[in-house]
Structure formats: C-alpha cells, structure tokens
Amino acid sequence: MAIENVFGKIKEVDEAMTHINDHTVLMYGGFGGVGTSPLLINEIVKKNVKDLTLIGNDSGFPQIGIGRVICNGQAKKMITTHIGSNPVAGQLMTEGKLEIEFSPQGTLAERVRAGGTGLGGVLINVGLGTVIEKGKETIKVDGKTYLLEKPLRADVGIIYAKAADPFGNLIYDKTARNFNPLVAMASDVTIVHAEEIVPLGELDPEEIITPGVYVDIIVTGEGGKWKWVWEQEN
Amino acid sequence: MAIENVFGKIKEVDEAMTHINDHTVLMYGGFGGVGTSPLLINEIVKKNVKDLTLIGNDSGFPQIGIGRVICNGQAKKMITTHIGSNPVAGQLMTEGKLEIEFSPQGTLAERVRAGGTGLGGVLINVGLGTVIEKGKETIKVDGKTYLLEKPLRADVGIIYAKAADPFGNLIYDKTARNFNPLVAMASDVTIVHAEEIVPLGELDPEEIITPGVYVDIIVTGEGGKWKWVWEQEN
Amino acid sequence: MGLGARELMAKRAAEEISNGNIVNLGIGIPTLVSDFISSGIHVFLHSENGLLGIGPKPKYGKEDENLINAGGFPCTAVQGASYFDSAESFAIIRSGKLDITILGALEVDEKGNLANWIVPGKRVPGMGGGMDLAENAKKVVIVTTHTNKDGSSKIKKKCSLPLTAKECVSLIITELAVMEVTKEGLVLKELFEGTTVHEVISKTEAGLIVSDTLRMIRYE
Amino acid sequence: MGLGARELMAKRAAEEISNGNIVNLGIGIPTLVSDFISSGIHVFLHSENGLLGIGPKPKYGKEDENLINAGGFPCTAVQGASYFDSAESFAIIRSGKLDITILGALEVDEKGNLANWIVPGKRVPGMGGGMDLAENAKKVVIVTTHTNKDGSSKIKKKCSLPLTAKECVSLIITELAVMEVTKEGLVLKELFEGTTVHEVISKTEAGLIVSDTLRMIRYE
C-alpha cells in the first residue's frame, strides 16, 4: 500500500538536516547508543556542524551513537548522566573543551518530560546531600525536602522508532524506546528516523507510544550503522 | 490455558474489599464512569463504608460510576475536576455534607502522577490568576510564574482494565484508560478489576501500559453493570 | 432551509481551523463545529479523556461503551487516532501542541479574560479541563450568545465571575458578530447578516473598536 | 571447585532476595547475583533502560541489538516482562516499588552513606542511575571488596569521596564479612569462612559492633 504524505511530514534526510546547525541544542534518544538513529548521527557527523549542546542519557561509545558526534569535536556542552563508556568525552571534559552538566538519570528523564509536557519544574529527592544540590533551589513540601529541577527543551530532537505513520504516530522496539518518547515531546523540531513508514491507520491506536502531534519530520533509510561492542567481542 | 496465581495477586472480591473501610482515601479510574469498575463500585455500595475521601476525575452520574457511592452518602470529601453530571454531588456540597476540592483536570492528572512516581510536586501554570491559586505557593522559574501543585496518593486505588496477567501487567480499552494507569501508580493498595485474566506472557511486553509492579490485587467478575446515559436516551 | 444561530456560529468558528490542526471542541455549541470543518483538510480532534482523532458518531446499535468523547457520548476514532491516559492528554494541551480550542463562555472581557466555569452559589460544576484549555491552547476561540436571557451583555468591560484563565481569548464569535482581542482592545471585525454596528455596540458592555475592514458574513 | 570471592559475595547477596521482589543489580559483582537467585522464587529484574523482567543472556548469534541490559550487553526478557521509557523506569524506583538494589561502592560509612560515582580529578564517569537507586530503593545492599588495592579500608568512619546518597545503605557484603547499618552503628553479623573477627576489625576503618548472634557463612 502506498504511503500518502498527507501531513507533509515525510521528508528527505537532507531537508531534515537543515534544522541542525552550529549552536543547535540537540536532544537525542538512546541508551549506550541503543535507540539512537545511526542515519541521523551519520548525517550530523557528515555535516560537521559545531558548538552543539547535547542533551541525552549518556555519551555513547566512541564509534557508537552520539559518541561519534562527540569524538568529532562537534559539541561544546552536554547535559547527561554518564560518560564512562566514552573515554574521549572524559578527555575533552578534562581539557576544558567540553562542558558537562551531570543529572541523575531519573531526574534527567523527568526534566525532559517536564519540558515536553509544559511543566515549570519538578521536585525530586534524588541528589539531596550530594554535589547535585549545588546551585539548585531546595523546596519543602509537607515537611520533606526536595530539589527543584528545571525543565529541559531542545531546538531539535532526534528519535529512533520502529515504525511511523504519516501523522508521526510512533512505536518503538524493546529497550530502544528509553529516552525517545521523552525527547519527542521536548523538542521544537522533532525528527524521527523510522525503520519503517506504514500507512495511516496501520498502527494500533492502543499501541502508539508517541502521538503524531509531537512529530515534525519523518525520514527513513539505511546508512551509518555501527558495530556494537558486544559484536566486536564475539 | 489455566492461570497460575504464582504471585498470589488474584483474589476473591470479598478479600479485596477488606482494604476498603470507613475513612479510606480511595482513588478511582474513570471519566464520566467510563473506565470505572462496575464490580468494585457495586461492592463498595454494598459494604456501605462511610467517610470516604474520593480522588478522581469527576463525580460520575447518579447511577453510574463513583456517582453511586456519592449518592449513597459514603463520601465526606472529594478531590476532583467536575461534578456537573451528578446533581446529588452538588446538592451534598451545598448542604455542607460533602467537601469538594476542585483541581483543573490536567493538574489533577499530574498530581496523581506525581504521587505515583515519587515526585514532591510539580509546577503548573494552569489556574494562575484564578481562585485555584488560593492557598498555593507560587514559584518563579526563569522569570515565569507557576503554582506548586502537591502530589496525591491514596490508601486504595480501584482500576478497570481490559486484561491483566498474574503479575498484574495491565492493558486498557480505548478511552476507558483515562486516569486508570495514574491511579494504579499512586495507591498503596491497587485493586484491579480485569475484564479478563490471561496467562503470564500472553500480553505483548510492548503493549503493557501498567507494569505489574504497581498492582496488588486482581479480581474479575460480572455484577454492578449500569446503563449508560446514552443507552437510556436511545 | 437556512442555518439557525447556533449553526451559523459553529460554521464561522470552523473557518478558524486549518489543515493539520489539532483541535479541542468544548461542549454545547462548540461541539457543532465538527459538522462544518471542510472535508478537504486533515484535522485531529482531541478529547480530554484520552483520544486524539475523534471520528463521527457511531451508528445506532454500534456504540462502544469504552469509546466515548469528553462530553460523555459514544464516538468513533479516525485512522491515525491514538489513545492515552489523562496525564498525556493534558500534556498535549499544556505543551502548546493544541492549535485551537473552541469554548463557550459565561463572560468574556476586553482583555480576553474568560469566565466559564462557575457562578458562585448557583452553579458550581467545576472546571474540568477548561482551565487547561483556556490557559494553554495556542488559540482560544469563544462561541457564545452575545447576551444573557435578561438581555445583559456577556461581552464585558471586566469579567465579574471567577476567571477560568487570564487574557487567554483570541477571538469571540456570537450570533451577531466576530470580535478579535487585541492589545488596543476588542475589535469588531465581522457582522452576521441582519445586524448592524449600532445593534452590536448597544448590546456590548465592552468597548468596541470598529475595524476598517469590517465585513458582513453571508452564508448561502 | 569452590567459588571465588566475587561469587561468594554474590551468592550471599542473592539470599537477600525474596519471592516476588523487584530487583535492580548494578554492574560489576552485583551482576553476578542473578546466577545465584533461587530457582524456586519469582523475581523481576529491573533494567534502567526500560525493562522489567530481564531474562538470561541470549545464545550466541541470537542477540537482538534492541534488547540490551543497562550494562550494555544483550539480554532477553522473561514471561511477564514489560518495556517502558526512561521516565517510567525511574518512576518505579522513585516511588518505592523497587524492593532491593545491589550496588558496588568506592566507600561506604558507619551511617550508611554511600560514595560510588566519582573520584574527583581522576575518574568522573557520572552517576547514571546510581543516585536514584541509592536514594529510593527500599533496600540498598552494597557488595564490595573490603579494602582498596593499597590495603586501605573501603568501610569508613565517614566517606571522604562525594556522596551518591546519604544514609541509604542497609547491608554491606564484602569478601570477609556481612555488616548491617543500624542506628547504633555498623553491626558485624556474619563472617565468611577463613576469616576472624580480629581480621575484619583490623581491616575496617569504621567502628564495628560485633553481633551477639555472629555466625560463620559456610557454602559447600
């Protein structure tokens, strides 16, 4: 069945990439590269835009996920939870070339969700009594103390989905879901790399994880696929 | 295929009802009664427990949903968004027999989610400049003003699901989902009325809306079904 | 047969809706708007109870008790619709993804303040999702009778009833006229056939600026 | 063949897990715990990246690149498993639904303070989900070597490294002993075969209260 592009959201990768430029604040789905779009990462590396601010779970591996963008020297700042799997990120941080703001993982998820759902902030107990408190307002509610965690939004979000329909309704694949539905909500321009584009009405309305209202651009295609660490070890 | 009750969560309705007593804070799924369990409502009316605090989207209709419990004089307080479809609720409020705390619908949903996800509160702009501000702290974040909305939890939550497996993984049916997944998270004891109990592994892990971790008791059965307003009109 | 006043208002309101819009229609006259949305455009209707993509009313006997719109009546779902919980439903509104909401009013004033949820001591149904919609939809269109049954104006200098949201309204459509809320005040932009500027001004408590491009709405 | 020290610790830690528990295992020694969970009980292993119900490692060649545990390695999903996004994944932890987490440590002290995420100026990987787990799991069990390679104690009077969470630890399992954090202080409850109270005390910076019911752990 032919796909009708009735909402005009299905585009060529080149057109999608016009939104990602020097200084773009870029949010990405993925956890250790799983659920990060190989196609869009490859295009970002090829376009070689600079001074990106990156927001996402972790720094990937040097040749996997957002790690490729970091190793190519394209980021000036990251808001993330973990950079341990990408030594280059740590090295750039030590050299003062990459500013890192650490956020606990659940807190980062809620901050992105807050940005995506129009909340002004959320109160979280994680990080109390640690360096994470630094620079944050503490608020007491009914005798308990919390940190005020601010919402996060991005200029552009890159999403990796199992399937999209022309409205941008999305389903994901197993643990490749992770931050993707949150990033989709929290970005001014949400670009989805879908493994497959299916006709409107083909996705079960009960199963849709991201309603199409959050999706601006849908691309598909091969390219950029990396070899996983566990494949290299085998 | 026989259902193995390996987690001990599948129970008789009578056993489930031991958790609902005078003064219980009871949260319920449902929107105009759609997605409220007829079976559990019927049992609550039969048990005739008193002085309940009710938390849910609306007051149903006099003979539909939570409305039956309200009309039976079992509630002393409600936290809700709308009582317009149940004149008895309004009358009880006017007579001072039922205390009502109104919360905007999206705010109520986020307050229940906050209670269910361990947040200390959320900042929301809805209700600014209205009576909803009354008694609430206002907080400025990056120049914008928000109301600090506190989390809500309940002693017991009653849930209506399309299907449950023995661990309590749940799927819902269309617009009967509404507040149910939120209530499931925010209750100390979550009681699910499932239309059907299916063997472990039968629900697609991608489709599960409420992970079983939030479910304590699963019941099933007929009884208590009401006639919808639109059925009466036909 | 010509359209009644309610249908005329609904038809005019429907013209505010563009291709690809995400739209929420309140109960009452706003519900009628869906009948007038051009069949040539793709619109997703949002229902507060967790549906994006409301379809037409089901046939008699084909109702599904678990597929209901926010007004409590059976509906269907269009191709591409999705279901979600109440938190996600209002996230769509609060995050600014709702292009337009069409709501009723008890009072609306020069500054775009809206009162439509409570008459203290008389009618206290609660705000439901109204405050969320009024505060956070990208465009709030009010469809209301111009006056109350006693002839008093619903288009006020300043709302006297408790507000639903402050300075939220963009456009007001009554059976007489279409008025836009601007920084300068309320601008009278369109008249329905059969009324006059004079009649509208006399029935409006708020000050009105008559637009240079005032036009008459004529539907055949 | 006897178990190595790492396996002994993992085996002992597994005894903390009961039927129906929701469990999160950190990387390193904690990962080994899953091999020792009694086959007679039903346990759901939680993975931060959005899976409740981690199953065994897949067979070689049967890996699925989209089904990975939080350590980055291919896994499977058990019957009754579910997938969700990262916000929901941490909601499970923050809301107190995680019965037990088993984590490693750089330092842990008398009060149950935990430091396991950063060595300033030397090793700055970030906390990942560690702070969420340490702060909000119902029970935090630490599995760690008793001393650093230089012989200094990891069981401190007071943590010197930046904390992961305050007063969060319930139980500490090392290759020498099992210690419980109580209001009175650290209670030495169990010894692994081959060590003595004297050895444990001499290798522990923190004060230790020797339990009246001190027992020797013997695994055949």
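Chains here go by letter, A, B, C and D, matching the order in which they are written, and residues are numbered from 1 within each.
Basically, a contact is a pair of C-beta atoms (placed from the backbone, for glycine too) under 8 Å apart; a residue touches a chain by one contact, two chains touch by 3 or more.
Since this is a predicted model, take the numbers as computed values, not measurements.
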item	value
Shared interface partners, meaning chains that touch subunit A and subunit B	C, D
Given subunit B and subunit C, the chains that contact each of them	A
Pair joined by the larger number of C-beta contacts - A-D, A-C	A-D
Averaged-CA centre spacing for the pair subunit D and subunit A, given as whole angstrom	29
Centre-to-centre distance between subunit D and subunit B (centres being mean Cα positions), rounded to whole Å	36
Centre-to-centre distance between subunit D and subunit C (centres being mean Cα positions), rounded to whole Å	57
Subunit C: positions in contact with at least two other chains	77, 83-84, 87, 91, 93-94, 136
Residues within subunit B bordering two or more other chains	110, 117-119, 124-125, 172-174, 205-206
Those chain pairs that satisfy the touch definition	A-B, A-C, A-D, B-C, B-D
Residue ranges of subunit B in contact with subunit D within the complex	6-8, 116-119, 165-167, 169, 185, 200-201, 203, 205-206, 208, 211-214
Residues of subunit A that touch subunit D when the two form their complex	31-32, 34-35, 57-58, 80-85, 90, 93, 100, 102, 104-110, 112-113, 124-132, 172-182, 209, 228-231, 234
Complex contact set, residues of subunit D against subunit B	20, 22, 42, 44, 52-53, 77, 79-84, 87-88, 91-97, 136
Of subunit C, residues touching subunit B in the complex	47-51, 60, 63-70, 72-74, 77, 83-87, 89-91, 93-94, 124-132, 135-136, 162-166
Residues of subunit B that touch subunit A when the two form their complex	110, 114, 117-125, 139, 141-142, 144, 146, 148, 150-151, 171-174, 205-207
